[in-house]
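Both of the next two complexes hold subunit A, though its partner changes from subunit B to subunit C.
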Partner chain A sequence: MSEKDLKNNEPQVVEEFEEEKLEQPESDLRQEVAFDDTAVVSREKRHMGMKAKTRAANITIYVILVIMSAVWLVPFIFIVLQSFRCESTYLTGYVIPKQWGFDNYARLFTETKFPRWFLNTFIISVVAAVIQLIMVLCMSYTLSRLRFKGRKALMNAMLILGMFPGMLTMIVLYRILADAGMTQGNSIAGLILVYVASSGMGYYVSKGFFDTIPKSLDEAARVDGANRAQVLYKIILPLSKPIVIYTLLTAFMGPWGDYVFASYVAFNVSDGYNVAVGLQWLISTPSNIAANYTIFCAGGVIVAIPITLLFMFLQKYYVEGVTGGAVKG
Partner chain B sequence: MANVKLTNVKKIYQGNVVAVHDFNLDIADKEFIVFVGPSGCGKSTTLRMIAGLEEISEGTIEFDGEVVNDLQPKDRKISMVFQNYALYPNYTVFENMAFPLRLIRPKMSQDEIYERVTKAAEILGITEYLTRKPRALSGGQRQRVAIGRAMVKDCKVFLMDEPLSNLDAKLRNQMRAEIILLRKKINTTFVYVTHDQTEAMTLGDRIVVMKDGYIMQVGTPTEVFDRPRNLFVAEFIGAPKMNTFKTNLVKKDGKYFVTPFGAEIPVTGQKADLLAENGIDSQEIILGVRPEHVVLADKPSKETIRVILQVNEMMGNELHLHLLTDDNTPLIVRVPTMNLTDEFRNELVMGKELYITFESKVMHFFDTVTEKSLLYIDKEEPVQEDEEEINAE
Partner chain C sequence: MGQSNNATLESKEERLQKDLAYLKLTKFKKILFKTKKFFRGILPWLRNLLFAILNFFKKVGLGIAHECVNIVQTFIHGDWKTKVSYVIMGFGNLARGQWGRGVLFLALEVIFIIYMIFWGGNWLSQMGTLGTQGPEKIYDPIYDTYTTIYHDNSFKILLYSVLTLFFIVAVVYTWRVNIKQNQIAEAIIKSGKPLRSTKGDLHSLIDDQFHKTLLALPTIGILIFTVLPIIFMILIAFTNYSGKNNGYSNNLFTWVGWDNFNTLLNWNSGNKAYSAAFGEILAWTLIWAFFATFSNYFLGMLVAIMINKKGIKLKKVWRTILVLTIAIPQFISLLYVSKMFADNGIINGWIVRCGGEAIGWFSSDPNLARTMVIVINIWIGIPYLMLIATGILMNIPEDLYESAKIDGANVWQQYTKITLPYMLFITGPYLLTSFIGNMNNFNVIFLLTGGAPVNTAASSAAGNAGYTDLLVTWLFKITTGTDALYYMASVIGILVFVVVAFISIIVYNFMPSNKNEEDYQ
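Right after this comes the complex of A and B.
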């Protein structure tokens, strides 16, 4: 292709591209209308090519989405179905139960220590979430609003420390907890300590959010007679609902699903297990799998329920634009 | 209600940036003080130090003789209105205004809170918005709420940090008038920060003109307008700004003349007396002439300057003519339109040749090096000067 050809081609390409961009939203609109109104169809003809293209694109996108959701959903559906299987307890070659029933759930609560594990996990998660929430919010507010010596250094240090995986400290932590008598049967206290100890380091997200709340709100409140704690409690937190919810959820989910630390700290004493460790123990050997597989599935479903409820309940607090009208705008 | 005394107050940021130098000021009880100056002059910083929102690097701030340097803002018994309103978006207007009252210990009764808030709302004309959230209000309404929140509680000092600068021009004029009325009702000590010299002139009992962290002049609006102590104050106060340019002051047979652009204009009246009193001799000076003191002359003479009209701004009641002298010095003149003939006004287009002279009694003279006034010389230390002015009132 000569240089001249290249030059001639260029504007054409640009034109085509612009046309596409301009017409796409229009034809989208018309498409919607066309379903109800056949009169539009004649006008549509001109855009037939365009319409076909859009449709092809949509079909592609939907196909991809369907495949992705199938990949995501299959394990969940599988587990739920298995948990209702009554005819056998071992792994089978089919998915849909031949006999439906709540046998597995009943056995889970009567024949295993699942209630104990569930309670353990629940206590650990709730306490850890609350303590972690308080620590993270105080930390974030401090780093966002107060200026003190070493603030930058502290933030950098925490950033770097946060990059090391928590597992690194496991052996040392176990030793310390064991000496303090917070392992095995007493794992609740030990695990809470492990989960909340460094939680202040997770300040990034909420500090970033606090930074977007105008400082003059703090100042106005302080002039109005509030101390720092009141500013945080009465002004900043009500404006930060989404971030409080986010912090609470992540703080709750960590301990709820943790396996590594929980199994390590509980160390073979089943009273100290949390749900993850307990359920894993149910299928830890081939004979266990044969005896408990469907019970394990029922446990999985039960474990998912609180998290699902929590999400459904808290989702509505993710409100955007909560700071509207605070300052000029 | 309190008198506020700032002694050698200094603000140093991060070890080396000095925002406020040696600020000395004695604010009388129930006085309305305005800090005015261009951005970055330290006026807001000083106000924030009074509020307790900024640490005081050096010096002391006293309310009624009590040093408040180390008091938290909440313990200083102040109220403050912020430039960006700073309303609490999560609360209704009523709760915004009740907020300071709810924090008072021992607790204030619900009835009293209700009474105070509704009374303030009534004064400000925002009663009908009490149940709304701030985001459902217009800029002017938000500003009223901010003022309302500041006025519900009893305070020693009422601080305002550029409260009108986010409003449009018309609303600003209206709110300015309202603040003057409000002041009569609240009757406490006011410190008001603005960069707008009109606000400063119209609101203040006294004006503190600041530049680069220094106080340039403290005085009543009349004082800073009529008797500017230095070139900066002369140029900053008054709109359009004063014409200033280098020229010569000549003393001939005990009489003073200025010789701008080849003309010879006599200096008469009180200004001439003051020059003589201060023993000023012939020298190069910076001459300051306010636009309203430039006079259009009918025909050229020894006292007139030839200028070319550049821009004619029609303000309604007056014209602002932007002129250029033969050596390209820009001048501005204000001409009232009342007595002008239509014919003459039609002739005022770009390129028109005009002759001007200056009112002989109201010129200002500044030293070319120090830029201080040759008429009004500070004879004493600034601290005492402030006290003198207080006493004079």
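Right after this comes the complex of A and C.
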């Protein structure tokens, strides 16, 4: 059949078909429609198969995601539930309290030194975050934008220093801080120093950020007569909001959840504990667990709430920093 | 550059032939070819590494020699102001009117001389012995008590000796700078230009010398809180400083040479407890770091791909649920999960109620405990990796996948040929740092298991290391235990550094993404 024939035929077929439809009784019409369906199937079926396949895949993914979300959230839901348990304080094999109440929270604030620990942690985290921000910005801005003799050597030296386990330095730092009276009960100043002093070494993420700001901006400002310090605080800093917030957030979260340095500096004197060391101590021995397990849960909830709220508002910046940091290494 | 270009041009034809020959090989032979190539590459690579190290020392040596020659030449050719500056630092600056710099140089010299006469010399002279007279207990007949009289303190002697050495190096460097400045000043005066005034010096600190201003605080912090302690601890590895010999309240400590390394690595027989424990813990540390890094990496990527898939709704919700778990401090989730799996915890509670028998997740079987630690670490790590992978996956151009689909590639092929190479290329450095981070992952191990279950073989060495202990947690236990063998801890710390540096050098050299950092600007 030639093309012309086909074209000429088409309208005729349709006309014939329509005429037939009109003439035929209902039952036959149904048959006709059914028949028509199978005719198209060969093309449609593949399409439908694909669709079914992707739908199946999507459903599987949804199931996995729901299970995952549950696995990720359930421990946190459990900890909240157990913090409201009043009938017993020890570790039990069930989750849902038989008797609800705020007893554990009340006891946390009256019977343990939690208020002191919380205050310690809060002061340390806030001060450390601010100083660390300054340190990191100084270091990363310099390494990213300024070229000077010894720059590469400095970066290599920091890379090598970073390969030593940080805990190694604590042995001697503890003695130095102890001589200066900044350990145990007075751990706040000592811990701030420990967190902050070497924080310039964590410049990688923000250097990666500064690297992405076009250098032509600096040059334009320099041509206009700005000195390097003016370039920093008039041109670069206003553009650096995301990295400033990211650095502050991580610098705050670090001390907030740090265990190892805090336990080293406080060294078994409960007045100097931060929340991590304090809460760990609450459940450190079997007898402590029996007496304090639900109190620990309450403490965990209280410690997690501020940081979670903060995180929810600043999540965008955190995500940017984390992804950017990994890409630029 | 030009040479290598020529070389590639010449052998282009040859290479094409080789590539064709390679493509004709069977899959098995291809793998064989690649492994052979890899092993053949190791020897030249090691040779290059050796050359690089030698070159580095050569460069340093030549640099120092060059400086010395320059110092002598400056003395010979310099005027009298310069010559006096060799003895009195800053004299040249003062004589030429740069009083700001001159005063600083002079002040440093005066402080240095006073320090060395009254304190520094004393500390350095004791560095060889680390003190000779320990604390004494003297009976006081009037009150019938013992009072302790403290004499030498080994810890302080060592610490201040190191500080003094730091100071000496700094002063020698400043002395060199002082001479260089005289040389430069003479050249400037000869050319007829005016010298920069003190005001100009100060102004330069916020302009062309701005890096000095910015770096001052961070580098001083790093010097005091990282470099000094590390050098000190390296020295401690060669002493017998411990809880029993702390050189303060009891016996002095002293130099013992390589004895501690000997004990730990056991290269001359003797006590095998340490070397056995060290070998086992190192092996587990590496296994742990490998599984912890790559399980998180691939599963995190998988989760990111699932959430990113077209047609999946509520992307934001899934992501937020995972990201929120990052916000909750790790110590809380780790401690809580460790108690969930405790012998009388929730999980065992459920098992018992269902008629099963309680399982000692962390307390009985070493392999079970180790697997559990890795699995729980996946729970901790996936949200981070999901975030990172999402950011990178979104950067992969969509048309790559489209054209792959048209060519008939299935999902798996798309993954192995497009997604995975791209991810690996970009996250190469991240994988390395996270491997090292996991080797030193104190929190997960210590808060989850505390090193349990007990390893009877390893615990005969100090620190009571268990089956899940990493080198760092072992180090922590050694220093906080009753014996407090600080010298052992620092030996372990040094060895951790050696292992980490070794792995880094190898991986870094085989990594495809040794990018030029200026590319981004």
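The rule is simple: the second predicted complex is superposed on the first by the 260 of 329 C-alpha atoms of A that agree within 3 Å, B and C clash if a C-alpha of one lies under 4 Å from a C-alpha of the other, contacts with A are read in each partner's own complex, and residues count from 1 in each chain.
Quick note on the criterion: a contact is a pair of C-beta atoms (placed from the backbone, for glycine too) under 8 Å apart; a residue touches a chain by one contact, two chains touch by 3 or more.
It should be emphasised that the depicted structure is a prediction, and the values quoted were computed from it without experimental measurement.
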Quiz item: Is A:Met201 touching the first partner subunit B, the second partner subunit C, both, or neither of them?
Solution: second
Quiz item: Which of the two partners, first being subunit B and second being subunit C, lies in contact with A:Asn58: first, second, both, or neither?
Solution: second
Quiz item: Counting only touches as set out at the top, which of subunit B and subunit C does A:Val223 meet: first, second, both, neither?
Solution: first
Quiz prompt | Which superposed partner A:Ile235 touches (first subunit B, second subunit C, both, neither) | solution = first
Practice problem: Could you say whether A:Met158 touches subunit B, subunit C, both of them, or neither, answering first, second, both or neither? | Solution: second
Quiz item: Looking at subunit A, does subunit C or subunit B touch more of its residues?
Solution: C
Practice problem: Figure out whether A:Trp256 sits in contact with subunit B (first) or subunit C (second), or with both, or with neither. | Solution: second
Practice problem: Kindly classify A:Pro214 by the partners it touches after superposition: subunit B alone (first), subunit C alone (second), both, or neither? | Solution: both
Practice problem: Would you tell me the residues on subunit A in contact with subunit B in one complex that are also in contact with subunit C in the other? | Solution: 214, 227, 322-328
Practice problem: Under the touch definition given earlier, write down the residues of subunit B that touch subunit A in their complex. | Solution: 51-53, 72-74, 78-80, 82-90, 99-100, 103-104, 133-137, 139, 142, 149, 153, 159, 166
Quiz prompt | Partner subunit A, residues of subunit C touching it in the complex | solution = 155, 159, 203, 206-208, 210-211, 213-215, 217-219, 221-222, 224-230, 232-233, 236, 303, 306-307, 309, 311-312, 318, 320-333, 335-337, 339-340, 342, 344-346, 348-350, 352-353, 379, 383-384, 387-388, 390-392, 426-430, 433, 436, 440, 442-443, 446-447, 471-472, 475-476, 479-480, 486, 489-490, 493, 496-497, 500-501, 504, 517, 520-521
Quiz item: In the complex of these two chains, what residues of subunit A are touching subunit C?
Solution: 54, 57-58, 61-62, 64-65, 68-69, 71-73, 75-76, 78-79, 91-95, 134-135, 138-139, 141-142, 146, 148, 151, 154, 158, 160-161, 163-173, 175-176, 193-194, 196-201, 208, 211-212, 214-215, 227-229, 232, 253, 256-257, 259-260, 264, 275-276, 279-280, 283, 289, 293, 296-297, 300, 303-304, 307-308, 310-312, 315, 318-319, 322-329
Quiz item: Where on subunit A does subunit B make contact in their complex?
Solution: 214, 216-217, 219-227, 230, 234-235, 238-239, 322-328
